[in-house]
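Here the chain labels run A, B, C and D in written order, and each chain numbers its own residues starting at 1.
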Amino acid sequence: MKILFVGDVVGNIGIKSLETYLPQIKQVVKPQLTIVNGENAVNGKGINLEAYQKIQVAGADVVSGGNHSWDRKEGIDLYNDSKKNILRPYNFPGDNVPGKGMIKINVNQKKVYVINMQGTAMMAPLDNPFHTFDKLLPTLEKDAIKFVDFHAETTSEKIATGMYLTGKVSAVVGTHTHVQTNDAHVFNKETAYLSDVGMTGSYDGILGVTKGQIITRFLTQRPTKHEVDEDGRMQISFCVVDINDQTNNARSIKNYVINPDNKKFLE
Amino acid sequence: MKILFVGDVVGNIGIKSLETYLPQIKQVVKPQLTIVNGENAVNGKGINLEAYQKIQVAGADVVSGGNHSWDRKEGIDLYNDSKKNILRPYNFPGDNVPGKGMIKINVNQKKVYVINMQGTAMMAPLDNPFHTFDKLLPTLEKDAIKFVDFHAETTSEKIATGMYLTGKVSAVVGTHTHVQTNDAHVFNKETAYLSDVGMTGSYDGILGVTKGQIITRFLTQRPTKHEVDEDGRMQISFCVVDINDQTNNARSIKNYVINPDNKKFLE
Amino acid sequence: MKILFVGDVVGNIGIKSLETYLPQIKQVVKPQLTIVNGENAVNGKGINLEAYQKIQVAGADVVSGGNHSWDRKEGIDLYNDSKKNILRPYNFPGDNVPGKGMIKINVNQKKVYVINMQGTAMMAPLDNPFHTFDKLLPTLEKDAIKFVDFHAETTSEKIATGMYLTGKVSAVVGTHTHVQTNDAHVFNKETAYLSDVGMTGSYDGILGVTKGQIITRFLTQRPTKHEVDEDGRMQISFCVVDINDQTNNARSIKNYVINPDNKKFLE
Amino acid sequence: MKILFVGDVVGNIGIKSLETYLPQIKQVVKPQLTIVNGENAVNGKGINLEAYQKIQVAGADVVSGGNHSWDRKEGIDLYNDSKKNILRPYNFPGDNVPGKGMIKINVNQKKVYVINMQGTAMMAPLDNPFHTFDKLLPTLEKDAIKFVDFHAETTSEKIATGMYLTGKVSAVVGTHTHVQTNDAHVFNKETAYLSDVGMTGSYDGILGVTKGQIITRFLTQRPTKHEVDEDGRMQISFCVVDINDQTNNARSIKNYVINPDNKKFLE
């Protein structure tokens, strides 16, 4: 099975990038499952029903999240709608967290679990992701593909998670830093790994946000508005994981970026 | 002029990776200047005279540093030796910081400044790098290549620095996360940029360190030894920046990794 | 000279606490100068003209600030009004920071400098406060009282600052943690010191904020509104520094809190 | 029952301060139970058998810990000795954490639980302390005194914990910042609270450490040795909680510091 994963969609321009490129990408890749990280879909902060629907119409089967999943109240209703294929990180503490951090779907008779987990290094102290995996994974059906969106800041926690889950899940792809890394590979012929898939949105902003605002923030250390760079040129960041349906092991993972300076994928 | 930059060398295996691959890389690239980040050269923590010399013999013209530059006392003498082409980050506070954060060298009559600067987002509160550049750059000769090793944690500070320095320096390449990013490009046909060059050392460790120790740390949150994964397989991470000697603008930047799963460069 | 310093005023209830207790305190203490930290005066986030005026009418001669000084735009006009005795931390980076971080006033012919400085440990990377003092203090008149509001998080940076400035300024009092410490004393018979003066506002909230919101935040790690606990019972936190006008050395420092469980000062 | 709690003992001078003052304090207070935080007993970093025994001989019934509990390997054997009344924070993740985070002792037929818990705000991401209390407390005997040493950095997490546990435990006293706070009181006539008990060790150092080393660290932002200020003058920081054995509610809490500038308690 081929799974296509698209990194953090930021703002309307992120959704527009998705609408523009995702159909073309799917024609080439022909994935059986498409997952899109949407934690920044609405003004860079969280997601709502409208954005979720647009992302779905653009081609996503599952929408995952991250630390920004909670930025807007209207998202809570969305998460609480059990019919929606939307995730927030699994390991927020407590028993009554709205929504779900994992979803099980059938893709042509094959079971696929998509799990969204958040790191805790240089991030909020959610439940320890390593121990959370230890508790969660044994409860899942053995003969199933398990795909992890690990939303984390540091490279050390990301790689450690990829190695820790090697042989236990089919793929671990990182999100959150909004910059794609160049380390896609399959650990031990079992688990596909990429530290970060990167950002989908303005190629001209900083992580999708208007560049002047971010630079001013670093220069002044005073609060500045952070607004999505809606007038920038488009970029989409994604990876394709090929998984053996018999063994649930990954065969390959390839990462791509499409933007004005990099149209290779489309050629 | 072609400048070759090699990312953070970790431990003896990092030096060995350098000794193994750098000569081959130089035969292909034919760089006029080679810069190597050596902040983790000795047991992953700092550098000393012996490691500096080995890195130089392996082919480096300049060795830059980072937050680990101060990890061992014997490094101080090295930094204080004005004849050595070794840098530590420029923006450590105070007037009496050992060593230098910038070096000016002549490469075939062309002047090249190599500047090592450290970020402050999720790192120690050194002098503000943006303002430090504002003070430093006007004091440098105009007709010269300026190459920046920006040692920083967050993608936002790195990209902001790259954009802030666009048109002011020839290249900004990031170090510190030990994972190469896939965002090499030239801003505005002026300034080459790459968020992180990545790590040179064990391909089988986590950021160069023995993987079990790092995983145990995340599982237990208790202190663990961090030792270089000296028995791992070799990796080298680097980029090549091509700069127009007339305009001092970058023409191109390309990033590469060589490891057991990725020998493309050598083919 | 006796200087009265009141810790972080949070919200309307903080201003009301000030209006209620400050006149009584002044009757007892008879200070020649009263300084109030007002960084949280408006809904816990920043200050505006109206709040500044109320604090002044309640008895403050100088209003100092902190990391929250920039939380509302209307504060900028206030800071830019050179006739207002209002401070924001001195060490925000750059040349064009609105307002001032120091003020020189005459109190019965005696010159007094009030300096507002912010720490950088576990806070934003402002200009290094130690080096900033090194540059600033030699430019001030020698025969003057120098009073420092050091707005910082960690006890180590606060005490280090107090010791570093011993013999150079008359007093260093800390703000920001909203909890008064029990370590008031005079270093070397020269410089009065208190790690934190504490909070002026709701005795029933958490640092002045509605307690349920803060607890929910820790339980869920998801965003919660932080609103001032305006219906709580009143508290005022302050200290009194007695300074020898001849030597500019502190004679004594005493810290007090008045709240429903602690009316000792008023008896 | 009167419980005496002594704040973080730092180094030999901390133990010496304990040996000097604890007997005198016990003569005055006549506590039925004495708890001492010993996370910094050996060179400021962790504890070993010898230090534990000295602290016990000096008068401690229970020794609690904190983030530094793991700083030395020889401590592990000590924690694993079930006969020793030594605690490390309860909420380190995983099933195989050496030692214990809670102890149940009988004091004149009355059962007392002493619980050592660590915060996660601006500290390592241990298991969420709020949820951990939610799971732990219902498993304990109802008719018992429950005394909590909450080792945490921020005042907000400390007060939130005190308020959250009000009515559920007899006392919550904070440790870790090494500076005693001035906010001792009983929440709702049920739960005694103090944000931080403060430090026992050198009065002349910074948090017990040689002052020059800490100041140099802030000035240079480069690594410095941190050594206990063994030649300083002595300080002991403590509090006394009076608990009603019938209701297990606190009647009062009083905090004290004894040092060269403050001998009030001894008079």
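What we mean here is this: a contact is a pair of C-beta atoms (placed from the backbone, for glycine too) under 8 Å apart; a residue touches a chain by one contact, two chains touch by 3 or more.
Here's who's who by UniProt: A, B, C, D = Metallophosphoesterase.
Being a predicted model, the structure only gives us computed values, none of them experimental.
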item: Chain labels contacting subunit B and also subunit D; value: A, C
item: C-alpha-based rotation, subunit A on subunit C, 0 to 180 degrees, nearest 5; value: 180
item: Proportion of interface numbers common to subunit C and subunit D (over half same, under half different); value: same
item: Whole-Å gap between the CA centroids of subunit B and subunit C; value: 43
item: Centre distance in Å when subunit A and subunit B are each reduced to the mean of their C-alpha atoms; value: 29
item: Sequence positions of subunit C contacting 2 or more other chains; value: 93-94, 121, 125-126, 128, 130-131, 219, 221
item: Subunit D residues within the subunit A interface of the complex; value: 93-94, 120-121, 125-128, 130-131
item: Parts of subunit B lying in touch with subunit D, wherever the complex brings them together; value: 70-71, 92-94, 97, 124-126, 219-223
item: Partner subunit D, residues of subunit C touching it in the complex; value: 121-122, 128, 130-131, 153-157, 159-161, 163-164, 177-183, 185, 195-196, 198, 206-207, 211, 214-215, 218-219, 221, 255, 257, 261-262
